[in-house]
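Letters A, B and C name the chains as they come in the text, with residue numbers starting at 1 for each one.
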Amino acid sequence: MRQGALAYGILALLLAAVWGIELFLVPWTDPYLTDIVIRVGINLLAVMGLALVLGFTGQFSLGHAGFMAVGAYAAAASTLYAGVPPVGGIVVGGLVAALAGFGVGLPTLRLSGDYLAVVTLGFNGIIIVLIQNSPALGGAQGLTGLPVATTFGLTFTCVVLGGLFIRNLLVSPLGRVFEAVRDNEIATRSLGIDTTRAKVLAFVVGAFWAGVSGALIAYYRSSIFPSQFQFDRSIEQVAMVVLGGTGSLSGPLIAATILSALPEVLRPVAQYRMVIYSIVLIAMMILRPTGLLGNHELSDVLKRLWQKRPGARSTAA
Amino acid sequence: MSATLAVRGLSVFYGQMQALHGVDIDVPKGQITALLGANGAGKTTLLRTISGLNTPRSGSVRIDETELVGKPAHEVVSAGISQSPEGRQVFPNLTVRENLQLGAWIRKDKDGVRADMDRVVGLWPRLGERLAQRAGTLSGGEQQMLAIGRAMMSRPRILLLDEPSLGLAPVIVAGIFETIQAVNQEGTTVLLVEQNAHLALKIAHWGYVLETGAIQKRAPAAELLDDDAIRAAYLGG
Amino acid sequence: MTLLLQQLLNGFSLGAIYALIALGYTMVYGTLQLINFAHGEVYMMGAFAALYLAKVSGVADNPTIPGAIVVMLGAMAFCAVLGMTIERVAYRPLRNSSRLNMLITAIGVSLLLQNLGLLMFGALQDFPSLLPEARWTVSGVMVRSNDLVIFGVTATLMVVLTWIVERTQLGRAMRAVSHSRDAAALMGIPADRIVVATFAIGSVLAGAAAVLVAMDKHTIRPDMGMTFGLKAFVAAVLGGIGSVPGAVAGGLLLGLAETLVSGYVSSTFRDAIAFLLLILILLYKPSGLFGKHVPEKV
């Protein structure tokens, strides 16, 4: 079977499953559960972008929530001021966030990774300050009166599209370049590969899906607030990627699912959430720096369990 | 002031690649031992391992009766081994005086340190003229003098010198080798790594030939100078 | 004219504090090539330690110069111990792992301290006067005694630091380690101990800065180190990361830029200035004002 046809087949199958659930399951499901699932889906979109940037390309972005904010407010503004329907607004949100990613990434990604951490962190802060001081964007009180469009179906359509897009990017030759940049940037550059371009590309793609994720938030509860996109959200996403495995796509997605759902289950310890995240981050770096799945995918692990012998995929990085 | 260095069965790996294959070397007390070999033969790896910068997978390095394998690099200096590393590695932003002062890091006897600094300056008056200058502004030859002088400041019992002739004009190299010989005659044991085999063998008592991480030959230096195979391989005919 | 002079005075006062904190970032970066994100939280913890000391010792109720000195020295000592502990527990196990992992750990430590602070101390607390306060008007410019204390303490610490870095064997070793850990080890210098000393010195300066800010603002918060610390890091980059005079110049420059912008443009954009400056400097002079190398070491 041809690769292309297979990919479209998988896409069609997944989308059919998503809309099947939307049409036949969601109406009979407890709205509280649906709410949790949608919120998990929104986090998945942001985290898969960060997995590409941080996990696969090794670029420490600390302002992913800032790109979500850009996407959310771009989408909201396009709907409120230009009458763009939500589906178009989601695309607008993604594109504007990607543009912001390009603007932040281009000057910074030429330098060593440390500066990216500081600049993205600063970017996250600046975006919040700008929104809070912008009457057109509602200031600290936020924007209200948006149409409600973010359903299970729409969210997971985006998740499926984003997941397949990033997966295809990773198995393409470009995916090897990303990992080579992470593992040894200087050696990669000495092969004549433009590492800055690769890093900027990964960054822009990551920002795009963060923007889509933010746009979905905008159309979920008909209102958005700058406080939804603060720095702790960026940190949470870093924790999810690091925990799930740097160099894995399914690992961070599993971590994102668990960590997004966990606060619902563990309401009593909500105030310790950030303390726990930070301890987990430190312990993980010291004890198992590659995360739960390392650079494996869930399918590798399942395959190996099934076959009960090691070596499904080389661990040498 | 002096000591014997004995390397036994030293094997070093970089990841999967083996850089040294069970190397045995004796550096007799009070003498100069030359270690010859082509680029990439493992000479620098051997010196780094003796100094504790690389950890061997197996083997031992003893100064007199003290085992050095397992000691961190800074403790090897206290045990009496000092190295002038490949590429000189002077601290470019520190002055010449400060470089020499750091060479005496392990010592507490201020008067002795001052005397030794005078001794280094006596060997190389050009360093004396530039004590307040940043080491990065020195010429290559001066940096080499500083690197050796700095290594001498800890009053080592054994001095390791990695390619002191590298990239220097012949006149300057000749001067440096004369000084190495003088330092040795004052009683310091020397292990000299060189690509310039002819010069090294002329001042050395013993010579070793290292090829792809293994010792190929050990002989008195004079004998190696006359050895046809060595002449062909390292002395340019 | 009077307004300008007033802004300059305020800017130098703020800049002096940035400089004190920036020194900690720049020194640690010099030896470990690590952005010690937790440095801002060491500063924050220093403020709460000072509050505790001021209450316990009674200085809070009876402000005197010796009392203030005791509180400040106590906070500095506390910060030194905290900084060394962080290095030992969180950073040293990662000495040979990738810089990304060290950076993530640093963020983890920063968050941990900040959130522990939030749990232990609440959102904010009042900070008492440690010294009798006064203010004078000199040809229209208001000069506060706190400004003079800030200048005096900062200048003293700078002189001591410069003496340590330039004139002592420890300072030489710190410069040697930041050039090459291997070459320093060949001198017999134990790099790990030098790194610990670097953390201790940087943290001591942060502790002093914390007391100065707390005395001046009279409120302290668990998140006070976050933005403030980041800006101080930006100051270090402005001056050229790894450079001690650069950190001082960068700190003063940032302080002046912030006060001038909030005085003449708008105070809402005050927090954005630092990052705008950072992006500009990264674009046009990545090595910073005093830096010699492009800050790219792998």
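Annotations for the structure displayed:
The rule is simple: a residue touches a chain if its C-beta (ideal position, glycine included) is under 8 Å from a C-beta of that chain, and two chains touch if they have at least 3 such contacts.
Predicted model only: the values in this text are computed from it and were never measured.
Of all chains, the one whose CA centroid is most distant from that of chain B is A. Chain closest to the overall centre, judged by the mean of its C-alpha atoms against the mean of all protein C-alpha atoms: C. For the pair chain A and chain C, the distance between mean C-alpha positions equals 34 Å. Chain C has its Cα centroid 42 Å from the Cα centroid of chain B. Chain A and chain B, compared by their mean Cα positions, are separated by 54 Å. The touching residues of chain B, counted against chain C in their complex, run 51-53, 72-75, 77-78, 82-83, 85, 89, 91-94, 98, 101-103, 105-106, 150-151, 154.
Residue ranges on chain C touching chain A, taken from their complex, read 33, 35, 90, 93-94, 97-105, 107-112, 114-116, 119, 226-227, 230, 233-234, 237, 268-269, 271-272, 274-275, 278-279, 282-283, 286, 294-298. Those residues of chain C lying in contact with chain B across their complex are 169, 172-173, 175-176, 179-180, 182-191.
Within the complex, the chain A residues that touch chain C are 58, 60, 62, 107-108, 110-115, 117-119, 121-123, 125-126, 129-130, 133, 185-186, 231, 235, 238, 242, 246, 271-272, 274-275, 277-279, 281-282, 285-286, 289.
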